[in-house]
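Each of the next two complexes has subunit A plus one other chain: subunit B in the first, subunit C in the second.
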Partner chain A sequence: MTTLDNRIDFYPTNEYQGIKYRRGRVLPFGATLVPNGVNFSVFSSAATSCTLVLFNKNEEDPYAEIPLPDEFRVGNVYAIIVFGLDYENIEYGYRMEGPHDPQNGHRFNRDIVLSDPYAKAIGGRDTWRDISGLNRNYPFRSRLVFDDFDWEEDNPLETPMEDLIIYEIHVRGFTSHPSSGVRHRGTFAAIREKIPYLLELGINCVELMPIYEFDEFEHSHENPDTGDLLVNYWGYSTLNFFAPKAGYAATGKYGMAVDELKTLIKELHRNGIEVILDVVFNHTAEGDHRGPTISFRGIDNKTYYMLTPDGYYFNFSGTGNTLNCNHPVVRNMVLDCLRYWTSEYHIDGFRFDLASILGRAQDGSPLNNPPLLESLAHDPILAKCKLIAEAWDAGGLYQVGVFPAYGRWAEWNGKYRDTVRKFLKGEHNTVGQLSQCMQGSPEMYLHRGTTAGINFITCHDGFTLYDLFAYNEKHNEANGENNQDGCNDNFSWNCGWEGETDDLAVNLLRHRQIKNALTILMLSQGVPMILMGDEMGRTQYGNNNTYCHDSSLNWLDWSLVQKNFDLLSFARHIINFRRQHPILRNKEHYSNRDYKESGYADITFHGTKAWHADWSESTTVFAFMLDGHHAKNGFVKDDTIYVAANMHWDALDFELPQLSENRKWHLSVNTSMMPPETFYPLNSEPALENQSGFIVGGRSVIVLIGK
Partner chain B sequence: MKVTIQTKNNIVYITIQGSIDSNTAGELQSHILEKLGSFNRVIMDLTAVDFLSSAGLRVLLMLYRQLSTNGGKVLLVNVSDEICDIMSMTGFINFFELYGSIDEAEKQFI
Partner chain C sequence: MGFSVKKEIFEKYTALTIGGSLDSSTAPQFGEEVKQVVTQNPQALVLYVEELSFMSSAGLRMLIFAKQKLGTTASLILVRPQEQLLETLRMTGLIFSVNIVDQYPE
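So, the complex of A and B:
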């Protein structure tokens, strides 16, 4: 016997129905493996008693219910250590007794077995869309997990924010299509098989759409027209904040989702790719007063939710309820959760869905100094994590540019998206705004640097990049809501025909527009984000709100690699171009000054005439030059880069700024040309014959390098 | 689960039959540690193992860690395709060398 085995708290003191237990430890919350047993700890501010309920996996009814003696409670926390549990094969939950008094915020119901808000895994949806768990009495049971994964030398990568190129992925969407050619489609393991593809594309960060456990069957219903089952495919509806989505793991049915996800992260890191999680802390899957009671509502309704004065649910999320994020207890839960994912899963950053809700007080009013956002920004464990806000909510708060940042937070730059879209479709009065966007939006982020903005033209929410140039209007009929859902302000242009067409000219223009868009995105200061599949022209046939489709509408069709190889090879080139040119990744904003005395300011603006930018309302052309001496804010020397974008329908002659030091202009990109002349590989760019002017085709972008 | 452990020419041969899960992992682990002594070369025959749970995989990894600290290693023999697939998806496979027969594995120790 070692000395450790001598501790008296390794042995039971009580026995009930043959199960041995003793007083537990109140911290940490949740279930923790301890020598000989499991420590359970749960908080409720208003429960009058707590019963631990134990199930064998796959059995309908509990095999034991242990009422916690009152002496096991410290403050409002109940804790117990239970001995001799088969930790791989048990599931647990709690019955909480307390008042059912909705008007005063209490909705206790001891008939329901509740899942643990701190459970590290949840059973019930072990295999995606497996209906066998649908009719269980207590569908979402808490489980125990091993937290001893062997990470070897792995750690979060801490890639500088300005060097990131983010690729937004839906775990199922990425590999579920039969053309993906992977062993276990739609899983974490399958993403691992696609790492070579990601490396060749050139991105260095994947942002995973929600992977916290959710119920794909939530609100599922048949599409009356097609008979297809519409499900919660996107997963923005959290059942539990600490548990990974088991159905996203090929090994979920063996209870090994945690190991599979960690293995994916370790492997991505080994290949220099960071992992950002899209996290949903603004609401839960319990809906409003008509929704199911699964966990939080029955454990401590008044603490976990923002309630109206008469005990109903505030709905700033648009989904029925709002998590009470700035309640001190909930705040700690969010912090515990992010610390857990950072330390246990080596996650590199988080993107917060409807993050403005995280800045609301318990009565819903926006706070000037939101304690949750401040805590996250200053947390010692999250210190190197990327924190990215979707800086608005469904309650009307729009904080792009003014999100409380504490020197840490970045934002999805919604203004960038809208401006670039308008410019690309040739709208007037956009060039001034566009010049801000290309500089990393200094008009919003002057004191926060370029990395305050995540630049994107498309994301999961809205049109794909292809559809942006194939549809004027959304086509959401398949969602079964009479095309009433989804955004109406898409700033899209169908290039002359609504939807699919055989018209060669229309299709060529669409491809050119995609290349124009990718060029603008990759040549903007700030952090670019690409939506999965946009690099190969993925379409959702005009549907701009595909949250409910587990079908080829959402699955990436890998045959597009061949079909649209011109797009993919272009995307690889322009991403690689960004990675090779540090001048595109300055952390501080350009100063419009020549602080390196190179003869050129760091950025200069041009039009069809060199040195004369056209800021007039009706202009659709924009050109700028980045002086290579000012790369990485003057610490690195790069080539000089000149970009001219002509969104006029016809070709225009651009006068080129003259280069000093016998340097010459070389052509890297000309989107008006057909392959192989659309772009030239790095270091084999041809010098221009005419060094003083360039005819830029209609609706085209060119990129020159001066060297 | 049934385990037999034999030692021959400074190699520990472990043969397991059945499933290794949380019910049997503890027993297996103490059984192995007891017989391992100062030996650091292990051949584990998994021909008759039909399932390795998370706890089972952890026994193997524990053994790997134990042996690698004193310069030894554990070789796995006849791992079924399904177990191999699970080990690959959960990352455990990276710690082990897999062989098709005991003879093949023995050659690594000569």
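So, the complex of A and C:
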């Protein structure tokens, strides 16, 4: 009988220096395990030859270099199957020969061993900040991975977008602090230990800041004032798009990072929590013409990067280079990559860093109909994935509200962030815009629905929520750039004192403002996102650009759970309030009509007088009512919800709209009160004694339920 | 560091006592033993690993291989793994695929 193992193409035809091989298969790109061997395939449009370089792990020099015969090239793809390799112990790379002609876009250098753009794992940074690999030649070597993980019944969760509550996490920052109490701090395994915390908080999606392999030592330098080593902590500088960051795995040093990450994802899914990756396709870690040649530059510079007419690098990312995303080959790489993470890692969605770059042509000009964005939107494998754009770039393209969406893409709603911040600090002329924000920004997303916008007040980039109310100005001196880095438009207010203080009144006001912010966020239509630690008052001491600090400045201090328990318990309440009330999670925008004939429109606006919203320039109050008959666009019945936000410095008397059907107003949240009267547990809300009016404290928000 | 494997066949289970270092050079030998064991359709494969001082990723992959070969009806049992192995099994999630016991049979 002829079995698959006996097929002739599973046996070598050639031998070179004792290594047996044969012509490979051109697809898929990368290294793929095949019977008896490994298939290597790599593309280069301008290389004149390609040599496969094989290393044993932990050895400085290669043990074999196999020049690929010209007959192994099909078109611009070199492919070879090598037999008898020790899968676990090898690392590989390529030497590409070709012209070194920068003016025409070519920067080939056969002296360098290049990592494979399609490698599924990269060696060299197996343990976070382990300096032993620093002086190695060609430190970032490609490795093989195995597809034998037991997912059992797991699949991406496909939670409806409007029901998501996203929690942005930095893998190291979440558990690196000694107070985290986990066994392997700063790792994927450690996040697993914190799943009970996430469940109690109530979020149902974590967004992981970059976990593609990067070099934490890139541009590392000492802080001249403190002597601290400043590193590439955030990781927005990709070495390879298919490989997970091995140093984020406790088992990275055993070569088991892939399994550890998959186990984390499987466990999160088992607990109903989705996983979104923050992906960086706008640039790579190779920098501009002065940067290191690691992979793409040496494989095919002209294909992978956007180049100026004289062969230098366009810099729309602010980091030196720009990935040539709308070149058909690069476009396919991005697509292959996302398909891989979706199918192999069961990732639920992606947030694209500086996504506007993905809509630029090869000459840098913005495209009307960017093929990459369209391909991703209509891809059959990504069909159920969340696609979220950071809809701007460092080259001045700002597309919030107009990002090419193809009915799929959502956006980080930067206008929401700025508007809510301005309102909370009491700025005039914000209420009209705020009313749009709380409805899911229909002025921008009228035909895209509420889920086109990811609502956030803070994210990793900028102040934490606590710092938003503790600092008027950024304090980035520790970054060693004379406080010149980081955003200047923070719309923050320090509540009367810059930085830490013992002043009880200031501290109480800060806590109240955090509760106000969380309430507005959780009661807005759209998809809310919370920054890790904001629920417990995490501070970065006024630093709004902490990209380089692997220290307690960035690490979540878990002692804040006790210290700021009032904040945490409030956050748990308001998150769960959102989850319990479908009226807050409509997919389509409110229509301002009573299409259920309940006697009330789906949303109505009010001021200190019921039914009389104050849209004047100088107002700092805003109230609205959501009629429960219109929950989930009329398909579900919910309670009626009334929200009044008073950002005036003093208390104001709000007249309440009258309820029909013998229903009464009940108090859920009053941020002006001290615990335990700040909020009442679900279904234990007390009825108001006065059903016609409520005195809302200065800089406070109330939430009432009509039932 | 050497590697040793001893096989014993009982009525309801097959036992492999393994010691030394299970790494990429010794994993194939272990894999062959596992292949032979599963052909006998045991109800359980019991691995006595108390004397196993090191298991590399190749060894861990062999546990996955063994589990997949045994199928869903037979169990994979590890008796007295050393702490480092136990911790690696926890971190990689492989602990969900095996049963850890102090002695077998009980």
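Here, the second predicted complex is superposed on the first by the 705 of 707 C-alpha atoms of A that agree within 3 Å, B and C clash if a C-alpha of one lies under 4 Å from a C-alpha of the other, contacts with A are read in each partner's own complex, and residues count from 1 in each chain.
Heads up, the rule we're going with is that contacts are C-beta pairs under 8 Å (C-beta built on N, C-alpha and C of every residue); 3 or more make two chains touch, one makes a residue touch a chain.
Source: prediction; values computed, not measured.
Sharing subunit A, do subunit B and subunit C clash or fit in the superposition?
Taken together on subunit A, subunit C would clash with subunit B, as the superposition shows.
Where does A:63 make contact in the superposed view: on subunit B (first), on subunit C (second), on both, or on neither?
neither
Could you look at A:150 and tell me whether it touches subunit B, subunit C, both or neither (first, second, both, neither)?
In the superposed model, A:150 contacts both subunit B and subunit C.
Identify the partner contact of A:251: answer first if only subunit B is touched, second if only subunit C is, both if each is, neither if none is.
After superposition on chain A, A:251 lies in contact with both partners, subunit B and subunit C.
A:611 in the overlay: touching subunit B, subunit C, both, or neither? Say first, second, both or neither.
In the superposition, A:611 touches no partner, neither subunit B nor subunit C.
Who does A:263 touch here: subunit B (first), subunit C (second), both, or neither?
Both partners, subunit B and subunit C.
Between subunit B and subunit C, which residues of subunit A are contacted by each of them?
Comparing the two interfaces on subunit A, one with subunit B and one with subunit C, the shared residues are 86-89, 146, 148-150, 183-184, 187, 189, 249-251, 254-256, 259-260, 262-263, 266-267.
Tell me, which parts of subunit B touch subunit A in their complex?
Within the complex, subunit B contacts subunit A at residues 21-23, 53-55, 57-58, 61, 65, 85-86, 88-92, 95.
What residues on subunit A touch subunit B, complex-wise?
86-89, 146, 148-150, 183-184, 187-189, 192, 249-251, 254-256, 259-260, 262-263, 266-267
Could you please specify the touching residues of subunit A with respect to subunit C in the complex?
86-89, 146, 148-150, 183-184, 187, 189, 249-251, 254-256, 259-260, 262-263, 266-267
Report the residues of subunit C in contact with subunit A in the complex, numbered from low to high.
Against subunit A, the touching part of subunit C is residues 23-24, 27, 56-58, 60-61, 64-65, 67-68, 87-88, 90-94, 97.
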